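Before anything else, here is the set of structures, which you'll find just below.
Both complexes below contain chain A, partnered by chain B and then by chain C.
The block that comes next holds the complex of A and B.
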């Protein structure tokens, strides 16, 4: 996921801002990490550069 | 895939097994994607050609809801896509698409963050077409556009797929095909107004043999129909 996409992504639950945590990245994008909504206390994983924004109850 | 007329697009939100087995399309992702290179290649080419003249007038940036494996997005230059299929999104990402795993009706993108939202052979696979169209309205700019690529219920192709659905076809059993009037009603209910319709694929199922030029306007015998709608634009008279 390219970092500049953070500008348009919002928490699917409250539409609030998401905080990016990076575990692995290359020169182009974030490969592994998470997007966290502190207001909702929910984290959305980033795996293989794809942010998983499905409803939290569907995260494995 | 298994026959020359077989085609489907990803965007269903039905089914849930685990994180990587999300949609009914996941288990056949490779086979699905191969259709575009094999028996579906000419159909795909004809459909992509029908979009060509429309593209310069569509405000950027572009998002495709139900982007699947990114075939149309790559061909048309759509930068980003949302889809509930992890396996198909992997393919989309390899095609250079910024991919988000999610459902089209989820509010996961900021208001007015895109110029144009595409749904290409996706509306028929949605659980909540009105919810997705309303979300599309929310995320496009005030002068933004909605572009739908459709297999309409009344077309020969729509009738074929409807028959497959009734026979319990593994993909089409999830589909709901809409008529032109029904789609226009959904568009209007979501707050868009139709501006332009382009039709192509006048060759019948099993008989696609040559490239076609698209025609402007609605034709019930067209196998593929493109509708362009805008926020606050004048209603198309057809």
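The block that comes next holds the complex of A and C.
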């Protein structure tokens, strides 16, 4: 996920803001990490630079 | 539609399109179907489909051989301008998102949304090959968009909304994420009259963009019900189902490929 394209992201459930945590990154991209919605208490994983923003029941 | 059936449809569609992404084929129909005159056709007809839907200049600009599973050219339809923010619903292998990214330029942004991880990976690879910095692909559902409200100038979609078992949710979400005055430009499949129950209930026909297609009037009603105005539909012909079959099923003249434009009021 490109760091400068973080804008307009929202939680797919409540549409509220997401908090980014970075575990691995390069110059342009977040490679591994998560996007957390504190309101819904759900973390959306970022793996292989792809943010998984499917509703939680579909994360598998 | 019952929730269980809706989930079953989504799961089937996701698995089918994952398979398409892995094989990089251009058929959206079930593998057992070999109907030559439909979207089930082999890669040989893929080239002619792309050439029918997209201009020579557009295809040359991407230089990569990115398959299209679409039935139209929504980026051309949407008359994208520089610096616009675009959302591509069901971005697939990324062709429309990539064309949109070139049209909105470095100051614009394109977000491709798809519920199939293999498609997202394929689209990312295709965009990376072209060194585009203004396009991003996200794994998500069009019924539950992970997008801020009133943040998008243009929503495009190419033959995908018919796949959703909950089109009210899709159009409601498109309306929510568009900025006031924002527009929807969609290529999709509609029917004229109700399809027979045996087609409607067939999951393979759903994945093949047949069973989920709505009657034209209902389709437009749902768009208007979401709040859109200036809703206009144009028939583009029988594509991708030439003749009278689609994915091996006799549908008569009941199915058409259309383009629809609509606006969120200012």
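Criterion: the second predicted complex is superposed on the first by the 60 of 60 C-alpha atoms of A that agree within 3 Å, B and C clash if a C-alpha of one lies under 4 Å from a C-alpha of the other, contacts with A are read in each partner's own complex, and residues count from 1 in each chain.
Rule of thumb we're sticking to: a contact is a pair of C-beta atoms (placed from the backbone, for glycine too) under 8 Å apart; a residue touches a chain by one contact, two chains touch by 3 or more.
Since the model is a prediction, treat every value here as computed from it, not as a measurement.
Shared-chain residue A:55: touches chain B and chain C both. Judged by the document's definition of touching, chain A residues 1-2, 5, 7-12, 15, 48-55, 58 lie at the interface with chain B and also at the interface with chain C. By the touch criterion stated above, chain C contacts chain A in their complex at residues 85, 109, 111, 115, 117, 120-121, 124, 133-134, 136-141, 144-149, 151-152, 176. Contacts from chain A toward chain C in the complex involve residues 1-2, 5, 7-13, 15, 28, 44, 48-55, 58.
Listed in rising order, the residues of chain A touching chain B in the complex are 1-2, 5, 7-12, 15, 48-55, 58-60.
Interface of chain B with chain A (complex): residues 16, 18-19, 22, 80, 84, 86, 89-90, 93, 98-103, 106-110, 113-114.
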